[in-house]
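Labels run A, B and C following the written order; every chain starts at residue 1.
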Amino acid sequence: MGLDEYKGDMEMCCRCSACKWVPMQRVSGHRFANVCPSISRYNFHSYSGGGRLNIGAAMLKNGFNYTPRLLDIVYNCQMCGACSVSCNYAMDMQVMEPLYEFRIKCVEDGKTHPALDKVIANLRKHGSMVPAKGKRGDWAAGMNLKDATREKVAVLYYVGSLTSYDRRMQKVAKATAKILQKAGVDFGIAGDAETSSGGRAYQMGYKEDFLNQARKNMALIKQSGAKTIVTASAEAYHAFKVLYDKFNLKGSLKVLHISEYIQQLIKDGKLKPRKKVDLAVTYHDPCHLGRLGEPWIHWQGKKVPGDRFVFDPPKVYRRGTQGVFEPPRDVLKSIPGIKLTEMNRIKEYAWCCGAGGGVSESNPEFAEWTARERIEEAESTGAEALVTACPWCEKTFNAAIEATGSHLKVYDVVELVEKAIE
Amino acid sequence: MALSKEIYSAFEDVVGAEFISDDPVIMPSYHATEFAAIVLPENTAQVQAIIKLCNKHKLPFRPVCTGWTGKFAKGVLYLDLRRMNRIVEINEKNMYAVVEPYVITAQLQAELMKRGLHLNVKGAGSNCSAMLRGHGHLDQTTSGDDRNHLAIEWVTPAGDIVRSGSLGSSDEWFCGDGPGPSLRSILTSAVPPGVTPGVFTKAAMKIYHWPGPTRFPIEGISPNYSLSEIPPNLMARYFSFPSVEKMWQAEIKIGESEIAFELMGFNVAMVAANITTSNEEEEKTFKRLSKEVQGPGFFIILAGNSAADFAYKKRVLHHIVNEAGGKSLASLEDPRTEGILLCQCIRISASIRETFRPGGAFSSIPVMGQRDLTIKWAIGAGKAKEPLIAKGLIVDDGGAAFGWGVEQGHLGKTEIFCKFDPQNPVAKKAVEDWHKEQSARAFKERYFALLQGQNEEIGRGLSNYHRWWNEIQKELDPNRVSPEGGALV
Amino acid sequence: MMEQAALASAVGRERVSLDPAEIDSFSQDISFTNRVRPASLVKPRTAADIQGILKFANATKTALVPVSSGPPHFRGDTVPSVGGAVIVDMSGMKQIMLVDRARRVAMCEPGVTFGELIAAAAREGLRLNMPLLPRASKSVVGSILEREPVVMPKYQWDISDPLACAGIYFGTGDEFRTGQAAGPGTVAEQWAVGGVQKAPYGPGTASWHRLIQGAQGTMGIVTWISMRCEILPSLEQPFFVGSSSLDPLLELSYWLIRLRAVNECFILNNTNLATIFTPTPAADDRKLKSALPAWTLFYTVAGYEYFPEERVDSQIKDITGITQRLGIEAVKAAGGVSANEILKLVQQPCGNPYWKLRPKGACQDIFYLTLREKIEEQIAAVAQLADKAGYAASDVGVYIQPIVQGTSHHCEFNLFYDPTNSSERNRVKELTGSATHSLIAKGAFFSRPYGESARAILNRDAATVAVLNTFKKVFDPNNVMNPGKVCF
């Protein structure tokens, strides 16, 4: 792998600008038609998915010129995948892969962002993508959860750095654990031994660090005996389900997002959300659960010589179609009293919360700008609350709400399920 | 070609540091051209200030909207109009909408459809500017070319703000013509083919009645969008005919009977492209559809204003098609496929899948005008493709051309293209030769003149229009800062 | 005298009129334009004649005033604004060059009248989109070049319609053909391969035909135009709707046009409708006028080749839904007037005497374009000014024509007066001036500026005038073409 593997894809970009917008037939008005936070904020075409590919192709050809502007373009991107979905409605070409590879190359060439270096230094030291205050497993105190490092478990509940360490987000971990307990699932946690999935590190371009984390996690999982890993973190979900598979590390591990699991548990009668939760909500699709949560497709082949950009065997593109969109919605609909109204930009063409790609750390102002856009969209539905299925989304939205003084509440799906099953 | 610090600062003073860049790193994303700088004005006043500076420093500029394709000279100042993206007004009672350059068609269309209205969608796609001059699938009922513009706010190459028609006289957008002779004689286009010098900063566009739903009932996840149901009083079909003559007979009768909402003379290669989600699927589907058609054909959408109106239109359609020996493409009678095309051809206007997805390049000869005449020429151009297809130099699309009626068949558009591998020098030369020969034949045999840049021979053959145009340009653009050439939006 | 001789030698003696009365007849017209006697009158017949005239004019800096229609003239644009002018009277150029049913196009010289062309088109199953009741002597070319409003807004996609292409000799003497007619090849060569002169845009970037329309002969001399035609319906059902107020009629006409449900569609007040149905000046239209509603919307539903009855029935059904919603009723006859009679009238030019002259012998028109929602206020303003000027508001004729598929409205006031009565004449002249100013203030757009108000109109838009002057400089650098008209 490397950027030059995607030379053909980058050259395929015809500059149609589809990558800036939700798919055309989904444009429902003047407002909320943009899908790429980066170009929406920074306006130069270079910040769009297509613009990045144009630059990548040129640099492969003419050499890499790391100006401050280039690095500004590279790092002000949430790697949210929206450009890829919009592009791949019509085009057969890779969009996300060259974007990842460009980042990776920047890191390899030492062209990193200091804020992200700091995050990775912390990762290397503490196995966490957030400041590690206290012990990673402290959130579970008093919950009597199985320690997967000592006992074999059928299901490993992977918590994630943010919900482990961040006091304000620990409620998500607790709610998830309670739900699994209520459903009688045989699960455990790695507690203090848990380490970052590496997903966010990969988005930032630190491929080696990601691979280190991946190997550590797979060793831990193997040791726990778990055949299934469930997580409430969309980032971790993406890491285990997609990235680990991409690098042939996943094996036969079954990866579920908590919303998928809850959906199944409700169907099996093991969870009964009975208590009414009177709330008008709208649902935000996390990028790494939705469009980017689509399973990895292993493909090997060659381009067929000739004018067409076709391959032998035919290349099947990940276009965002198989992401996790319905389970969180089904779960919400099964809670009595919840009234769900969709936003304009949803599912595979959802607007990013702003947190991905290292932007939370490298450019918090841009992350907040992105989140504010989403808050406005959520408010336009008349909902009282914005529900999501990713703690990074929740954290980012809360910060934007505080900044704007909005009355909107933010919940994770598990928080509402927890209310309904008590 | 970098601007001097002093000149750069002058532009920076107008738009702010955040909205100008001459970093070479961004140029590959701007048509791989070394522009003097990219500048993003926010409003008409900034555009005017920029142009005045361009005149002062004799710096050529080009305004661009979404900028799909483009050919520009080095050293030009690129006005990226992305920040000028407001819908200024939608006036239902007087059937026009006023937009800034970077409102894309999809945005305006979505707003209009909520109100039972719509606009012309250019063939370039609804991802392009709503103020584009151009032609598209909906021309049958929504006109085309420069005939959808009403009043225009224009910054001249000299940096004067001119408001055409009623806008200049009474601050209203409804008319772009007068007093006296019309400035729309030269305010024909923000973008090629043919470019009015200066910048269109706002334009009023004609809008039309939309009898369909306020939103299409789309279901599915990209790229597999379909309609959960065909909305009432809408129908899409494809008909093939035993010959071009029969197809034309049906096409013109349909125009005269005013029943079609959209009539698009697709060939099945284009149908296949639009209903499939990958190149491989397209190839398979094209082979299948090719067996189902008897010859050239068209895609048609009927839209009834009422159930009675819809019933009438269907009855007439079937009668006309039968008279011409037409045959319905069974695949399109499947509601799923019908729904895909219905939505695609109204909301998107299909372009990208048809043209760019396979990769490679395509060389096109498009011509607006008298449809039956251009069909006649296109038959010959299509025959001339056959040897290239036989040698494997161009994609086999059956040698077909495509086109459609405009304004219920009063005018029309015909286009024929060759798709080829630009890395194959033999193919590239063959296609270039084909293009040259067919263009020359069109001129020599008096069909039309393909205008590509200033050409003395062609100009002389067309009332020396090029000399008059140059004279006007000299007056309007004394410092020659608004050159020809630009981007398709 | 020397110039007369030079002119005669340029075009041929037989083309030059020496009849003083004939020359004098072009010194003035029915408008209030100042009387200016032309020096000569030429009657060209061929392109060579036109070229000769232009060569002469440029060499001698002589003003040329092109005229297509026969008298009487109304707008002042055929009266010279400067002394020593030559009237170029093309009303004798009467060739109908082409009527093509398949491509729905006709082509003719400037002297062809509506009556002549309608008959030729009808023989091919075609019809013209024509103005309301043009006078018998009105030139089709003249009308279309003036951008006169047409009665079938559905078929007017662009304000330049029905104009397709034009053949013109610019003020420089250079020949130019607009649109598809430009080439390649001559017109005859284009015909030979099956081309007709239909597509209006180009050649190149510009849409040159738009430069010639509305120019009042200030850019050059047009020697022919082509125009798009429509198909003659096989079935027509005319209706009219009367109302004491205008608003429901404007709303109905809006929907009729938006749904493309009707062909002819226009509104007249009772004064005008009565006048149109009053055949002679002597006849008394008061009884008829009092029997008519204040406002009448006229429209026609039509069927063509395929199942015309079904088409007409379904459209009438849809229209009835609208009229019921608006609380108005479409009828076939009322107040002594039938819709069929109106239809018959409006599909032909006006018989003699011209309807606008019937009430009192002269008429001054005030017309402009406007937004639908401003019309009532504008009408009220004119009524008030009329009453104030001692011209009974109830005697003002009003004609409202939606144009360009409903994107704007042509609004016209017809002030009838006795030209032999100087106080009436002065009253109307002053009222015209005051009404024009008042209407401008109320959002009227005088897109076709004629006469004394022209300067005031054009002075409002200096930026446009600057560009128009650019055109003038290029196409008529010696300002020989109708100097003093528009802003030139």
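Everything below uses one rule, namely that a residue touches a chain if its C-beta (ideal position, glycine included) is under 8 Å from a C-beta of that chain, and two chains touch if they have at least 3 such contacts.
Everything quoted here is computed from the prediction, not taken from an experiment.
Averaging the CA coordinates per chain and comparing them to the mean over all protein CA atoms picks out B as nearest.
Across all inter-chain contacts, the pair with the most C-beta pairs is B-C. Annotation: 66 Å between the Cα-based centres of chain A and chain C.
Computed from the mean C-alpha positions, the centre of chain B lies at a distance of 33 Å from the centre of chain C.
Per-chain Cα centroids separate chain A from chain B by 37 Å. For chain A, no residue reaches two or more other chains under the stated contact definition. For chain B, residues touching at least two other chains: there are none.
Interface residues of chain A facing chain B in the complex, by the touch rule stated above, are 12, 14-18, 21, 23-30, 33, 43-46, 48, 50-52, 54-55, 57-59, 65, 67, 69-70, 73, 85-86, 88-92, 306-310, 314, 316-317, 319-321, 323, 325, 347-349.
On the chain C side of its complex with chain B, the touching residues are 102-104, 147, 157-160, 174-178, 180, 182-185, 189-190, 192-196, 198-199, 201-216, 218-219, 228, 231, 254, 258-261, 304-307, 310-311, 313-315, 317-318, 321, 369, 371-373, 404-408, 440, 443-449, 454, 457-458, 460-461, 463-464, 466-468, 470-471, 473-475, 486-487.
Across the interface of their complex, chain A is touched by residues 19, 21, 23-26, 28-32, 38, 40, 66-69, 80, 82-83, 87, 103-104, 106-111, 114, 125-128, 215-216, 218, 221-225, 277-280, 283, 343-344, 347-348, 352-353, 356-361, 395, 419-424, 427 of chain B. Interface residues of chain B, counted against chain C in their complex, comprise 91, 93-96, 143, 145-147, 150, 156, 160-166, 168-170, 172, 174-186, 188-189, 194-196, 206, 208-209, 252-253, 256-258, 305-306, 308-309, 311-312, 315-316, 319-320, 368-370, 372-373, 376, 407, 410-411, 443-449, 451, 458, 461-466, 468-469, 471-472, 475-476.
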